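Down below are the structures I want you to see.
Below are two complexes that have chain A in common, paired first with chain B and then with chain C.
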Partner chain A sequence: MEQKFKEIIAQYAKVPVEEITDDKKFREDLGLTSLDFMSLLGELEDEFDVEFEEENAATVFTVADALEIMKNLTEGE
Partner chain B sequence: MSKLIREILDDSQKKFSDTIAVKWLKKKEIMERNYTDTIAYIRKIRNSITEMGYEKKHFALIGQNSIEWIESYYAIVTGNNVAVPLDAGLPLEDLIELLNRSDSVGVFIGVKLKGYIDEIKKNCPAIEKIWILTEDDIEEADDIVRPLNELIKGDDVNIESNAPKANDTAMIIFTSGTTGKSKGVVITHYNLAENVEAVGFNAESQHTVLSVLPIHHAFCLVMDWFKGFSIGSTLCINDSLLHMIKNIGIFKPKVMLMVPLMIETIYKRLAVASETTPKEVLKEKVLGGNLKVVFTGGAHLDPYYIKEFEDYGVLILEGYGMSECAPVISSNSIEDHKVGSIGRPLPNVKIKISEIGEILVKSTSVMREYYKMPSETNETIVDGWLHTGDKGYLDEDGFLFINGRVKNLIILSNGENVSPEEIEGKLALNPLVGEVVITGEDNGLMARIYPDKEAAERLQMSDTEIESKLRECIDEYNKKQPTYRQITGLYIRKYPFIKNSTRKIKRQEVLIDEPIE
Partner chain C sequence: MQKLYPLTAAQRMHHDWIMNYKTQQVSGVSVVASLQIEMDFGLMKKCIQEEYQRYGCLRLQFTKPDKDGQVKQYLIDRKRGDIPLKDLTGMTLKEADDLMQTWAYNTFDGDDIPMCEFIMVKLPEGYNGFFVHMDHRLVDSCALVVMISDIISLYIHYRYKGDYPDPLADYEEVLMKDIKKATNEKRFAKDKKFWDDMLDNWGEPLYSDIKGPSVLEEARKKHKNKKLRSADIVMDDLFVTVKDYLLEPEPTQRLIDFCMTHQISMTNLLLLGIRTYLSKVNNGQEDITIQNFISRRSTQDEWTSGGSRTIMFPCRTIITPDTDFLTAAYEIQNMQNKTYLHSNYDPAFIRDEMKKRYKTPDNTAYESCYLTYQPMPVKVSNPKLKNINVHAKWFANGAATKKMYLTVSHAKGGMNFSFHYQTAVYDEHDMELLYYYLMRIIFTGVDEPDKTIGEIMETV
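Showing the complex of A and B:
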C-alpha cells in the first residue's frame, strides 16, 4: 500500500517517487496548493476505499502524517 | 424595485414546481428534491422557528455544504430572521468569538462538528438553541441541542412568519479586515435582491450547476443559490473539496462558479492527463462532458487558463465582487466579454476611480454597515462611495480592470482574504519572534521573521536552535488553522525590516530588501 500511496503523491507533485520521503511536507516541500492537497486526499480515498474528513485535512502536514491516517483508516475497517 | 428573496422563492415554487431544485450525495447515492418539496421544507423550518417566537433574531450556520445547511439558511433569511454564515474551518475559539460578537441566539451546526457543542454552550451564554443539521434523529438531544428534523416535522404549525421588508437585515457575513479583526458585513434584503436582478445570466434556465464554492461565502449564496433558484437551475451540492473533480464527473454540470484556485487545480489534472489522453476524452472524463460556462471571481485569474479551457469548449468569465457589495460588482457575460478584464459594472453599479487609483463603488447592493463597527464603516463608505481597496481602471469600452491593491490584505487564489496583521499578531506572541511580516507568495503564505536577538542570547540559543524553535512555533499555529490560512514557508531574516519614520515596517520593501537566498 505504501508504495502505491507514494506513487500517487509523486504524480501529483510531479517529482520522482524516490523523493517522496516520510518527512516531506505537502505544501512547503512538494509545492502543493491547499486544493491540490485536498484533491490528492480525494484520489487516495478512491484508490484505498477509505474516507478522509475534510476537517482532518488541516492536521496533515507531512507524508508520514497522511500515511498514518491512511493506515488507521484501512486497519479500522 | 426588484423582488425580494422570499418573493423570488415563492415564484420559483410556482414556476418550476416539478423541476429538480437540489441534488446531493448520501453515501454514494444521488439524492434529489424538486422545487415544490425543497421550498416546502424551507417553509416548515421557518414556520417552526417563528412558532418558537423568534423574529429578527440572529442565527449562525456552521457546517459543510449540505441540503440541510442551505434549507436552514433560506428558512432563516426568508423567515424574517438574520443568518450569520460562519466558516466551519475556523478554529473553535474564533467561532465562539464570532457567535458572541454577532449576537446569535441560535446555531445550526453540521453533524461532523458536534464536538464543538459543549464549548459553545459553555462560552456563548446568549445561545438558546443548537440545531444539528441532520434529518436523522440524534442521541445528544436536550433542552438546547435539537435535531433539525424536529423543525421539518412541524406539519401542524399554522403560523406563518412575517415577510421581511426591503431594508431589514438578511445576513451578516464575516470578512477579514485589514486591521486584524474580522468585520461583520451587514447585508439587507434589498442589497441581495438587487444583486440577483442585476446579474444578467438568464439565458438558459433549468440547467445543472455544481456548487463548489464554500457555502458561507456571499458569492456562493447569492450567485449559486439565489440566482440559480430564481432561474430554475438544478443545484448539485459538492459535499467536500476533496471530491470536487470526482463530483464534476458524477453531476455533469453545465455551469460552475469557481474561485481561480479551483480552475488552476482542474487545469493541472487536465495537463497531466493530456500527455496520454486526447482532449475529447478528458472533456468527458474530467469535465463531465457538459461543462460550458465557468464564472470566476474572488481573486485574480491568469488569462492563460481562459485560453486553455477554450480548447475544452469551456468559456471562463471573470467577474469582480466583495461581500460588502452583496457581492457582485462587475462581470463578463456570455455575449459580452474581454479577456483580462473583470467585466462591465452591473447595471445597478456606478464606478469612480479615486485620485490614488482606487476603485470606488456606489450601488444598491452596497452593505448597510459593518456590524457594530461604526468607525470602520465610516472609513469604508465615504460620501456614499464604497472604498474597495483595489486599484483599477475602466477602459474605453467600459470594461473594468484591476491592477493593484490599496489596502494591506492578501487575496489568495481560493478567494479567501487573509489579514497579515492578524497572523503576525499571533506569531508575535512567541518571545523569539522579534519582527514578523506575512506575505502571500506562490499561492501560499510566507512568514518572514527577524528573531529577537536578545531573547535568543538570554536563552543561549544557536541559529539552528532558533530556526527549529521558530518552525515549531509555525507548526503550532498551523495546527489550529484551516489549510488555506496555514503558513507554507518560513524565512529567517539576517537583518531587521526597514521602517518608516513612525517605526512601522515598510511592507512594500520586504520582498526586495532581503530576498530569499
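Showing the complex of A and C:
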C-alpha cells in the first residue's frame, strides 16, 4: 500500500517516487497548491476506498501525516 | 472508424454555451505568439505540423449533435495540411493586433471538421510567429500556453540545436482516465452529497449584482415573483468589451506577502474582495455567490495532455459583517478547499438540482461575477531566448456568455485585472467603480486584517 501511496503523491508532485520521503511537506517541499492537495486526497480516497474526514485533511502537512491517517483508515475497515 | 468518447464536464460546459447561445463564437480562443527574430517559416510550419502529432487535442473533432444536442469527440489522423503565412509588416503592431482581433471572431461552423487553425504571421517591428484560433473544447488557457511553449521549443531545437522538448502526455489516455473518474459511482455519490448538503443547509442562493439590488428587483417585476432569488442573463446581445487595469509591482508584492504570511491563496483573497464589494453595494447582503474557474491540472500528465480542463464552480459563502477580514479569508479558503475536493463533479448537476428544487426560471442566474486567477504567465520560456523580445497577446472572442468575467494574471511584475463585460449590461464606469473599490477593500483588509468586514465596507 505504501508504495502505491507514494507513487500517487509522486505524480502530483511531479518528482520521482524516490523523492517522496516521509518528512516531505506537501506545500513547502513538494510544491502542491491547495487544488493539487485536495485533488490528491480525492485520488487517494478513490484508490484505497477510504474517506478522509475534512478535519483530518487540515492536519495533514507531511507525507508521514497522510500515511498515518491512510493506515488508520484502511486498518479500521 | 475512430473511437468516440463523451465530452468531459469541462468540455460540456463550453458545448452547452454553444448550444444555448446558438453560436460557436462563445467558445473561440485565440492568441498570437511571436519572437523578435528572423524566422525560417518553412521550419516553423514543420514545427506546427509536428505539434499536431505531439499534442493530440489539436486533432479533436466533434460529431453531429444527437436529438438531445449532445456530441461525441474523436481524434483524427491529421494529414500534413497547409499552414498559411500572412505578411502584416506594412502595418503598425497595433494595426496588426486589430486585424488579428477580427480573426478571433471567426467561428468553426459544422460537424466533423477541424476546430483549430494556425496562421503564421510576419509582424511589424521584426516580430515573427504564429496566430492560433481554436475551439475552447480543445484547449483551455493553460493548455494553450503549454502548446505555444512546445512549438517554440521545437523551433529552437531544429534552428539553434536546443534540447528536444520533453514528450507531452497522451490526450486519449488522460481523457479515458477522466471519464473513468467521472463514472466512479462512489465518488459521484460523495460529490453529490457535498453539493446537495449545501443547498439543504443554506437553501436557495441569492443573486447579487455589481450594480446593486435594482437588477434583482427588475427581474422580480419581470417574472412577477417578489421572492425570486435569481436574475436574468443576456441571451441575445453578447457583445463584450475589455477593460484592463495594471496593479503595479510594489502593491502586488504586498498582496503576495500577505498571502504567504497567512497561507491564503491569491484566488481566495480576490474572491473575498469581490464578495465584499457585492455585499457593500447590495445593502450588506451576507449570502454571496461568485463563479470561480478552476483548472483541473495537478499531475504532470494533466498539465501536458492539453484539452479543456478549466471549469467553474460556485463559491458561495455567508459572511456576517462582524467577521474580521482574516477570518473571512479563511472561511472562503475552507469553502474553496471543499470545492476542490469535490471538483470532479459536473457543475451542470448543481444547476439542475437548483432548478429542480427552486424552479429557477430559464435564462436566469444567481451570479453576476466570474473569476479566473492565472498564476501562470503567458510567456515563452526557453534559455535560448533569454535576450529575445516576445510579443504574445490573447484576443477576446467578442461574444460573452457572462455579465462580467474578471481574469487576473501576472504581468510586468504586477498583476493585470482584465474585466470582460457585456456592453448590454455594464459600461466602463461600472468596471472603474468595481476595480477602485476592489482595491480599496483588499488593501484595507491586508493592512488591517483584524478589521471586520462591516467596518471595511463602511471605511471604503
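Definition applied: the second predicted complex is superposed on the first by the 77 of 77 C-alpha atoms of A that agree within 3 Å, B and C clash if a C-alpha of one lies under 4 Å from a C-alpha of the other, contacts with A are read in each partner's own complex, and residues count from 1 in each chain.
Please note the rule applied: a contact is a pair of C-beta atoms (placed from the backbone, for glycine too) under 8 Å apart; a residue touches a chain by one contact, two chains touch by 3 or more.
No experiment lies behind these values; they were computed from the predicted model shown.
S.K.: Who does A:D36 touch here: chain B (first), chain C (second), both, or neither?
M.R.: A:D36 contacts both chain B and chain C.
S.K.: Is A:A57 touching anything from chain B or chain C once the two structures are fitted on A? First, second, both or neither.
M.R.: both
S.K.: So, A:E28: does it touch chain B (first), chain C (second), both, or neither?
M.R.: Once the two structures are laid over each other on A, A:E28 reaches chain B alone.
S.K.: Who does A:D49 touch here: chain B (first), chain C (second), both, or neither?
M.R.: second
S.K.: With both complexes superposed on chain A, which partner does A:Q11 reach: first (chain B), second (chain C), both or neither?
M.R.: A:Q11 sits against chain B and chain C alike.
S.K.: In the superposed arrangement, what residues of chain A touch both chain B and chain C?
M.R.: In chain A, residues 11, 14, 33-39, 41-42, 45-46, 54, 57 are touched by chain B and also by chain C.
S.K.: Applying the document's contact rule, which stretches of chain B touch chain A when the two form their complex?
M.R.: 64, 88-89, 112-113, 240-246, 261-262, 264-265, 268-269, 272, 413-414, 442-444, 475, 478-479, 481-484, 486, 488-489
S.K.: Could you list, by residue number, the parts of chain A that touch chain C in their complex?
M.R.: Checking each residue of chain A against chain C gives 11-12, 14, 32-42, 45-46, 49, 51, 54, 57.
S.K.: Would you mind writing out the residues of chain A in touch with chain B in their complex?
M.R.: Those residues of chain A that touch chain B are 11, 14, 27-28, 31, 33-39, 41-42, 45-46, 52-55, 57-59, 61.
S.K.: List the residues on chain C that touch chain A in their complex, please.
M.R.: 181, 184, 186-187, 190, 265, 294-296, 298-301, 303, 333, 336-338, 340-344
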